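Here come two complexes built around chain A, the first alongside chain B, the second alongside chain C.
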Partner chain A sequence: MAISDLRGLFAEQSLTFLAEIPYVYHCHHYNLFHDQTIDDALGEAEGLRVRTTAAHNAFRELLGAVFEKSGATTPAERINLASEVFAWMGQGKLSLSVSPGGGGARSASLHYGYAWREKYGSRVKRVEPADAVAAGFAAAATELAFDLPANAMSVVEHKCLAARDAECEFALTPATIHAAKPAIDEAIVRRHVVPAVRGLDEDRIVQISNGLLEFMRGVAGDERGLVAAFNVFVAAHLPGYYNETVYEAVHRVERTMADSVPAIEALMREAGQVCVFSTFGNVLLSPEWEGLVGPPTGVPTDVMSFCTAIARGLGFGHWLIAEYQPHKRLVIQCTSTYEVPFYRSRYGLAKKPRSYFVQGAALAMMVLAESVQWTERPQLTNNYYVELFRSQPRYRVEQTKCLMRGDAMSELVVEAL
Partner chain B sequence: MTQTPTPTPALGGSGRISLTLTREVTCIRSLAWRCDLPVATRWTALAGELAAAGLTPRATPAGLFRFGTATGDEVLLVATTGRVQFRVHYTVPHHERKFAAERLFQILVYALFRL
Partner chain C sequence: MMDRYIEEAVAEIPQLIGVFLTAMPDSLLFSSWVREGTEWSAEDVAAYFGDLVRANRQGLKALGSWSSEMQVTIESAESLVVLRELSSDFVCGCVFERSAPLGMVRLHLKRLLERVGQALPEVQPEDRPRGTRIMEFLDRYAPDPHAVTLRVSLRAGISLEELKAPAQLSPEQIRRLEESACKILGVNQLSL
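Moving on to the complex of A and B:
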């Protein structure tokens, strides 16, 4: 069975699945920023541990489902298939040499390490490894290949492209076993959405997002297991990874450093902001988009609709524009997001709105619509990002409704300061 | 922060056009380059010439032509706007990317000569 045959689409909610496990697309700018955010919140050592654990858990869910659906039963079949899935996702090409007692893994092309070196390598010296996602994947693949219990493998990346090593190398060793949490699959996701409703410019948004979904169906890792598209490195990724890292970090800070919670929440929001600036922005300026939709017009209402369509096309859920007054106010509503099912399943009802990613994304959509001169072909650099989000007019975002809290839908209100 | 706009291709009296290779809007350093052709270009014929020059056509959504080289570089043509993107493969070292883009540009120019 081809990996692409394992894909599924909950079309009404713009949610995508692989072997019934949710997946989404993000670019390397967001992925690197996300990981840095977790480390900023928890410190490098604890951040690395939380990120590796989250990747381990997320890939156990995915690979377990993939092996079951594809009928892979022997260790060799499972290791091969796991590596193929990882490369198909654009996460890189990883060679695993493992047994029930552990082993090693290596790669010269991993999404995180390779992209970090490409983005920062000439300016920043890094000593910590960058590939917690590949590490967690290697541990999960090894456990499942040999029918070992959850967390039977511990993994350490001891060489990394981002630290100027020639290859990334991982060592896998036996570890203490913990109980695995139930997988968050399509059936659970479907329990945590509400019926989709139409927003402004709905027909055009549906048409564009369908075109983008169709385009993304053709996206897969190249011979190095990487995807260069839309002028960025793109990867299919597991919401379980993003969600576990974010909510574990936030909950940890809430328990131990309550005064720091607003700062940590702002950091998590900023990751959503970076996603829209980098991923959505590069999609809008790409030839792929120009062929699909046309060149950016710079008309704010167009940009807003395009961003909403991109969110749906990347599998982020059914986002809709409920209200938009240029320069004044934007109301984005969601009948589904990739954050909600994880939170509700793992933690129950939230006491306050917690869709940090969508909060930041909504604010950034307002800024992209209002302040970017799209027809002048802006360079989406770090300097431009800083300039854009610090300049006037400035906006604030408030989440007024949240599915995680049990509200009828999620709602984000962005207003000019 | 914006890039200097690419000159609009000028159609001369003899049907001549002026092309400029510029660095493309992109976050990955020097990987993408562009030039702009008149929208009236005979795109299907140009695509045929690029294929005849050894580039491999790749599947794309409607409105886009996409070709690859043996080394993984790509040329993308947006027929509706005239945009051409030269996408150098990410494994090409940074200091060689401009030259790789110029080689792709040259392939395009020779293909245009043959139209």
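Moving on to the complex of A and C:
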């Protein structure tokens, strides 16, 4: 069975699945910023532990489902298939050499380490490894290949491209076993959405997002196991990873460093901004987009509709434009997001709105629609990002409703300051 | 006043692209001139040049071979950069076209530095608060400058409100701020 045949789509809610486990697409700018924020909050050692654990859990869910659906039963079959899935996702090409007693893994091209070196390598000297996601994947793949219980394997990345080593290398050793939490699969996701409603420009958004979903069906890792598209490295990724790391870090800060809550929430929002600027922006400027929709018009209402369609096309959920007054106010609503099922299943009802990613994304959509001269095809550089978000007009975002809190839907209001 | 002095001094040097006078120890732009049509941020260039000379000075001192006559020459693909300490308070950075012969550059430079040096004022450098200097350093070198205040706030456990006045931070907060800045920049110590 081909990996692409394992894909599923909850079309009404723009949610995507692989072997019934949710997945989304994010670019390396977002992924690196996300991981950096976790380490800023928890410190390098604890950040690495939390990120590796989250990846381990998320890939156990995915690979367990993939092996079952594809009928992979032997260790060799499972190890091969796991590596293929990882490369197909754009996470990199990882060679596993493992047994029930542990072993090793290596790679010259992993999404995180490779992209970190490309983006920051000439400016920052890094000593800590960057590939918690690959580490967690390697541990999960080894356990499942040999039918070992959850968390039977512990993993350490001892060489990393980001730390200027020639390759990334991992050592796997037996560990203390802990019980696994139940998987967040499609059935659970379906329990945490509300019926989709139509927003402004709905017909056009549906048409474009369907086109983008179809385009993304053809996206897979190259010979390095990486996806270089839209001027960025894109990776199919597991919401379980993002959600566990974000909410574990935020909850920890809330418990132990209450004064720092505004900073971590702002950084999580900033990650959403980074995503929209880098991924959505580069999609809008890409030849692929031009083939799908046409050349950029620079009309703010077009940009807003396009961004909403991109969010749906990447599997972020059913986002809709409830209200848009150029230069003044934007109201984005969501009947589903990839954050809600995880939060509600793991933590119950939230006491306050917690869709940090969508908060930052909504604000960035306003800025992209209002302040970027799309017809001039600007280079979306780091300097331009800084200039754009520091310049006038400036906006603020407030989440007024949140599915995680038990509201009827999620709602983000962006207003000019 | 100083800008006019530099303008007169560079008038006869056709291969010169820019001159930057940096006030030390804070690496702040004091004065500059750039050829018409050049779009450089004089503040940024002056700050980087100042930091470069400081790092060079420390490196040479570590080797036991520092002298006040020290000069840094950088030959890049498109330009020839010469940095010189005029006094303990000022650094002058000159950017020439790459094709300029080194002998001519030295000759022009000697005359130029003499004229500029004569016009420099006597200064009493203030010892600016370390917290302010750390935040300025981060703003110049952090990989994500848009997020750096949030990042150090979270890492150092210093509230965003307190970071608005870095000069007012306590010694313990300064220690944590500096430690966080080193982590963010991937260095063992800050060259301030």
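Definition applied: the second predicted complex is superposed on the first by the 417 of 417 C-alpha atoms of A that agree within 3 Å, B and C clash if a C-alpha of one lies under 4 Å from a C-alpha of the other, contacts with A are read in each partner's own complex, and residues count from 1 in each chain.
Methods note: a contact is a pair of C-beta atoms (placed from the backbone, for glycine too) under 8 Å apart; a residue touches a chain by one contact, two chains touch by 3 or more.
It should be emphasised that the depicted structure is a prediction, and the values quoted were computed from it without experimental measurement.
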{"item": "First (chain B), second (chain C), both or neither touched by A:4", "value": "neither"}
{"item": "Touching partner for A:391 - first (chain B), second (chain C), both, neither", "value": "neither"}
{"item": "Touching partner for A:379 - first (chain B), second (chain C), both, neither", "value": "first"}
{"item": "First (chain B), second (chain C), both or neither touched by A:218", "value": "first"}
{"item": "Partner chain in contact with A:95 - chain B first, chain C second, else both or neither", "value": "neither"}
{"item": "Chain B versus chain C as contact partner of A:257, first or second or both or neither", "value": "second"}
{"item": "Doubly contacted chain A residues - partners chain C and chain B", "value": "119"}
{"item": "Residue numbers on chain B that touch chain A, as the complex places them", "value": "1-3, 5, 24-29, 31-32, 59-64, 72, 76, 78-81, 83, 85, 87, 89-91, 94"}
{"item": "Chain A-touching residues of chain C, taken from the complex the two chains share", "value": "141, 143-147, 150-151, 153-155, 157, 159-160, 183-187"}
{"item": "Chain B-facing residues of chain A, complex", "value": "29, 114, 118-119, 122, 211, 214-215, 218, 222, 224, 226, 228, 231-233, 278, 282, 285, 287-288, 290-292, 294-295, 373, 376-381, 383-384, 387"}
{"item": "Of chain A, residues touching chain C in the complex", "value": "33, 36-37, 40-41, 43-44, 119-120, 123-127, 253, 257, 259-260, 262-264, 266-267, 270, 382, 385-386, 389-390"}
